[in-house]
Amino acid sequence: MHNLAFDIAHLLAGGLVLISFMMLYQDRLYALLNIFALHAVVLAASVAWQAFIQNAPHLYVTAAIALVFKAIVIPVALHRIIKQLGIHRDIETAVSIGPTMLAGMGLVALSMVLMLRVTGAADPLAREDLAFALSVVLLGLLVMVTRRNAVSQVVGFMSLENGLVLAATGAKGMPLVVEISVAFSILIAFIVIGVFLFRIRERFDTVDVGALDEFRGERR
Amino acid sequence: MTAASDAVAWVLLIPICAAATLAALPGYRLTAGINILASLGTLLAALSLFVIERPQPGQYLLIDDLNIVFIVLNTFVGFTTSVFSASYIAHELETGRLTPGYLRFYHAMYQVMMFGMNLAFVSNNIGLMWVAVEIATLTTVLMVGIYRTHAALEAAWKYFILGSVGIALALFGTILVYMAALPVIGEGLDAMVWTVLISRAATFDPALLNVAFIFLLLGYGTKVGLAPLHAWLPDAHAEGPTPISAVLSGLLLNVALYAVLRFKILLAVNPDAISPGPLMVTMGLTSLLFAAFMLYRRRDIKRLFAYSSIEHMGIIVFAFGMGGPLANFAGLLHMVMHSLTKSGIFYAVGHITQVKGTQRIANIRGLTETHPALGWSLVIGVVAIAGLPPLGIFMSEFLIVSSTFARQPLLAIPLVFGLLLAFGALFLRLTSLAFGEPRGNAAPADASYLPMFAHFALVLTAGIYLPGPLVVWFQHVANLLG
Amino acid sequence: MIPAVAQQIWCVAALLGTTALAIASSRSRRSTALVYGATFAISLVALAGALFSLIARTGATELTLPIGLPWLGSHFRLDALAAFFLVVVNLGAAAASLYGLGYGSHESMPQRILPFFPAFLAGMNLVVLADDAFTYLLCWEFMSLASWALVMAHHREPDNARAGYVYLVMASFGTLALLLAFGLLSGAGGGYGFAAIRSAQHTPSEAALVLALMLLGAGSKAGLVPLHVWLPLAHPAAPSHVSALMSGVMTKVAIYGFIRVVFDLLGPPSWSAGVVVLILGGATAVIGILYALMENDLKRLLAYSTIENIGVIFTSLGLALAFQANGFGLAAALAFTASLFHVLNHSFFKSLLFFGAGAVLTSTGERDMEKLGGLIHRMPLTSFVFLVGCVAISALPPFNGFVSEWLIFQAVLQSPDLPQWVLKIMVPAVGALLALAAALAAACFVKAFGITFLGRARSPAAEAAGEVDRYSLAAMFSLAALCFLAGILPGLVIDALSPVAQAVIGHRMPVQANDAWLSIVPIEESRSSYNGLLVFAFITAAASLAVYFIHRFASRAIRRGPAWGCGFADPTPAAQYSGASFVQPIRRVFGTLVFQAREHVDMPAPGDLRPARFKVDMHDLVWERLYTPLTEAVWFLADRLNQLQFLTIRRYLSLVFATLVTLLLVLAIWS
Amino acid sequence: MVVISDIFVQLGQMALVLLLAPLLTGVVRKIKARLLRRRGPSIFQPYRDLLRLLRKEVVLAENASWLFRVTPYVTFAAIWVAAALVPTFASGLEFNWSADLIAIVALLGSARFFLALAGMDVGTSFGGIGSSREVMIAALAEPAMLLMVFCVALIAGSTQLSTVATFMASSEVGLRVSLGMAMIALIMVALAENARIPVDNPATHLELTMVHEAMILEYSGRHLAMIEFGAFLKLLLYVSLIICVFFPWQITTEGAGPLSYLVSVAAYIFKLAVASLLLAVFETATAKMRVFRVPEFLGAALMLGLLGTLLRFVSRGF
């Protein structure tokens, strides 16, 4: 039983990393959103699984949030934003796909190296989980910094945050997990609203119109 | 005991209740008054913490020697800033940069922010501390964007995005700490309670702690404004209302620093973990040198002092990184002095920008002639921040440099170099601001000098005479910092 | 009976009180008289106290106040060395205050000077009294700060702003150097008390490093080449009585710091230290006076000549170090006493000369010598005292400047006893440099006096000049009298200095007071001796004899006529020799080397009506080779880094990301 | 008793130099004239000139200040005192401990200082030329002189002229390279200081070439007399300085009988005669150099002095 539990958890976590890679690979917006939705679903699954094996019911809430909010609400909202702002569909990347993938590999390797140092005293499940979580976090950051497009950066941030939730739920009996996931969902909501409110089209750092492109502080 | 916990409760309750009421109330005079009163109340509550005996550290709240210093400093500057902001905001209303609606929001947010910071200080729970820091950050984000100009919005946006990434990193670090504690302490809330953690930290898994510390250093370091994570800081200072700039420089940075320190202590307890010193020293020096160079090209007066904040944060982190009783003492002293001085400077700068109607350094000349009070206080402020005697920062810099040179001569060279660079830049600007042919509006300013003078008076006395009890206190804390 | 040091501290407190008074009474018109009167009285009291404890040889007295570094308190100590420098400081202060009583009334914005003047005095007193590193540096930097405020007094001139800026940056550079030195001396434990430092053991490498840092720190304040650049900018920018203090006194405070650390705290020196100091001193002396010669701004000229004198003082300090290191107590005492004597002398005549320059400035509004001239007719008294100052600073008997130079030469002549060949060879060479500097100084002050006071007025302002007020004259005359007295009664001064030498070097010069006819004998009479009094007596006797005989037996008739000038009298004062043309021969000799001076003559062809032009361009190599590149480097880096202000958020995020990954990598590799 | 005699000796010296100074110049001029196949004025001509000048009234430029009128006496006095302190025929003078060799150099310096100022006082361009060139020459001559002093003092272990003289007279000195160099340096300096050819020509009033004469151009009557007298004294001083340092034979030491005094006076006068002959020959043999060659000339003197000072370590004499 325990082995099975371990394997499933492992599988799900690994799946997250894999999906992160798919995100890195994607260069079409809608597809990216769909993949992110998948990411969220898998996260929800793994959280739920954790809830089951740690028999910690409150984690189900987190799973639910992940499922509803991240897998459905946000992607839909972003779809509409893309339509309304008329963001054109394909993402121009700062770094081309190939090197990005390589960098991703490197990051995963790095996180493995770091985490496998951890003494076996910490229970293996947590350990593996952390390794995966760390890689998901790093990959999320990678997405953020390699994509020029606002929406995809939001997506990157959310995947990063998925990694956090994964880690948090992997940690046995960690308090405040639910609160944290809620807080983060709100944060993301803020960002999405911000993107919509300031009608950020292309780059993350230009609010509304070109007039502001000049403004980088003092460049007046 | 009960009285004590009450005091702690007051420190948190007053701001939050005040926030609620202020959100509801209209009218400038009333709200500003309430704001001041609330801040004063919080200050008194914080001061009362000195006299009454400590409560037992609970699962959430904690009062110990380290954080009480921060709390008192925090509430004090919060109070003076509220006084300053009263007169400042009045002017903003006249010029119509702020509408009453936003004003209400402003005051409410101010109190929420104070609440967040106090909470961060008193929290005995790393999770709670994280939440508190984030509350403080988000509120300041909203305040920075309050003018709704493009510049302000973008500054706020930048702050927000970088901040949230910082949040994420800090959280991951927190989780890692919990994971490290898990095998030793067991599941549940205890594994996040600071006092418990510190008592058992020696047996934690070092590898986890190391990774955790890096994430925490970067996460909270983003808010400390360490280069190269500083990007949000200058714009946030420059575009927000000046009271917020004062609070940012004087307080929020300290909050983040406090968090970093907590975890430094945690790591210091564990023998196998990496010593956080070298990391902090490196980042400190980087920030110092970087900011020192950046100071030369500044054209906006508020951004200038924002960068000087980065520089001083670098010095402080450097000092704590060096460790040892002298350096830690110096670091604490430097932190307190910097908060007082820098907020004082921002008070002066706020009035100056209001009366001159510009933040461009090029358009401000000969202040000592047109506005002697403001001009000379600016001079005093810069003299203080540049580390000239007889003001407080001189003492801390003296201790830092001399002790560093005695222990690590090679580290002292870049340190001294950075100090000199920053010095040169600051005075280059000061000479053009305070002296020379007057330029710009010469109308008399209706300013509230009291907070400014209070701060500088404190800094001056500290530079010449530090009261014995305070010193003992600091030394105790310094040893506690290891 | 309160101890001497307490008296001094009280005086300082009174000075600070005067600052408060000045701020309070800044509105009233009488504040000028009030403040300077107060500082004058206080300085006199302090002077009396210091003199007493110097002459009466009261031992060192200490005092600890519960301020400054909390666990240390701030220590003050009044020993012979401190007492001597207190005499220098307060004497200059008293004179400057007296002068200020008159000069200050011409001041356009006194409220920018009055508060800082007493603060400046207090700072200088405190530096000399301080007995722990923290207090010392605090007062040191406070002194710099106050003097900076005084330099910025006339802040509307852009030059002054620049001067103040350069000054303050150099000052804080010096302070940081001192800070490092003290950090090294007091060790990681933070034993900042001078007593602790004195008792601590210092390795040779430490000592060498400390010496280097002291040369940077104290040297930058005293004006050692190449750290002197701020001095000719800042000293002239300040009001004249402040310039006098900065040049005549503050540089001496810097020398005090050097002596205190290198001779007192650092323990027995190594002879190589002497070599370094000797070279620096000699170079400073010659370069300083050459700059002074080329200068046409009176106050800048004086400032540069200060650099020369600092060089002289450091040279003899270097001699003292060399002798001390080899255990030649008497010779060391001789060199050391000579340097102290020169410190005293320079404070006398440099203050006097700056006062004179200030007098000229007030009555003509000109500092540029090329616009002056003929003042000896309109300001006879001022010109007389200025002449005294010039003779004294040119080291001519029977005035005081000569005595100290003479003593230094006597010290130089002790060099063959030294065991190290480097020193054997080098000391006479440095002596040659000193001789050259002295001769050039004479030339320089012939120019200064001749162009400014003699000849015919070169501008209407100089034409309309008038004598200055009584206070200024009183100050100048008292200083001139001191120059003269120290010149003819050097034995008394040397005896007064002996306790200092005794305390610092461990030996003293032989007692002079009971030599016949008050003559001075450094080592023994067969070697050398000098008697200013007799020389003066002889000269006066001879001169009056000549005058008597001539006026008695030969003609005494006088007829005034136009100047002859080889037959054609000059049409206009502009045809006189100007300052620039006066130094042209010397510029030809040294200028090409030191200033890369190039002369361009543009001589029109015969029949061409365009005027002939003569142009000289000279370069300040120190600025061009050292400081300009430095500043350029800083600005270049600032520009490059400034790009980071203008990145996009994505780039900033990448920075964060990069940092994170690097740190993680470091962790992965190392731990 | 000894004191009295010493004082007499001292006064005798002062009187003697005063008397002999013009004569020396007269002799030099006479010899030069003879070398140029002229008869030349009598050797007492300088005395006559002085007396004539003393009798004339002073013509003072309107712009001349008190300094201008004081200077002649000051310079004269300074030089006289300096000259009185150089042992001519007897060492161990009563007062020569009151000023040593360095002081004597400085005394001459102050004389020059005032003269240069006086040159600038009236405000003519000639005075300016004179002063500036004089000052330039002095700026190099004085260090050279001092180096010579160092060299001698380091060897004799004293800057006290009497001591030096007695030491040099004593046998243990021997011939020394450094001494030779010092002597050459001193001679060069002496030529420059006394405005002799090749540095300056005392006889010319050609504006481009003159230095000393240009300075005193405005002087007349008794003032000029004083200055001329000063110049004569200076020449004598330098000559007797060279004599007493490098050829101190037959200089009577203290407490000797009157006869020895007479002998040494005679010896002294003889030495002077030889010196003047040499000087005259040298001056007629060489041509005056351009003003801006002078620095090189004096620079050579400076180098010689320094070299001598340094060489004294290697050459211990024999």
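Which chain is which? They are A, B, C and D, in the order written, and residues in each are numbered from 1.
Keep in mind that, in the parts below, a residue touches a chain if its C-beta (ideal position, glycine included) is under 8 Å from a C-beta of that chain, and two chains touch if they have at least 3 such contacts.
Predicted model, so just to flag it, every value in this text is computed and none were measured.
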item	value
Pair of chains joined by the greatest number of C-beta pairs in contact	C-D
Separation of mean Cα positions, chain C and chain B [Å, integer]	44
Rounded Å distance, chain A centre to chain C centre (Cα mean)	69
Distance between the centres, which are taken as Cα means, of chain D and chain B, whole angstrom	79
Centre distance in Å when chain A and chain D are each reduced to the mean of their C-alpha atoms	100
Contacts with 2+ other chains: residues of chain A	114, 117, 141, 144, 204-206, 217-218
Sites on chain B at which at least two other chains make contact	157-158, 161, 165, 207, 211, 234
Residues of chain C touching at least two other chains	645, 647, 649, 653, 656, 660, 664, 667, 671
All pairs of touching chains, each written as two labels joined by a dash	A-B, A-C, B-C, C-D
Of all residues in chain C, those that touch chain B in their complex	66-71, 133-134, 137-139, 141-142, 145, 152, 155-156, 158, 161, 164-165, 168-169, 172-173, 176, 179-180, 182-184, 186-188, 190, 192, 634-635, 637-639, 641-642, 644-645, 647, 649, 652-653, 655-656, 658-660, 663-664, 667, 670-671
Residues on chain A engaged by chain B in the complex (per definition of touch)	114-115, 117-119, 121-123, 126, 130, 133-134, 137, 141, 144, 157, 160-161, 163-164, 167-168, 171-176, 179-180, 183, 187, 190-191, 194, 198, 204-208, 211-212, 215, 217-218
Chain B - residues contacting chain A, complex	127-128, 131, 134, 150-151, 153-155, 157-158, 160-161, 164-165, 167-168, 171-172, 175-176, 178-180, 182-183, 187-189, 191-192, 205, 207-208, 211, 234-235, 238, 298-300, 303
In the complex with chain C, residue positions of chain B that touch it	157-158, 161-162, 165-166, 169, 206-207, 210-211, 214-215, 217-218, 222, 228-229, 231-232, 234, 274, 279, 290, 293-294, 296-297, 324, 326, 366, 368, 383, 386, 388-390, 394-395, 398-399, 401-407, 409, 412, 416, 419-421, 423-424, 427-428, 431-432, 435-437, 463-466, 468, 471, 475
Of chain C, residues touching chain A in the complex	645-650, 653-654, 656-657, 660-661, 664-665, 667-668, 671
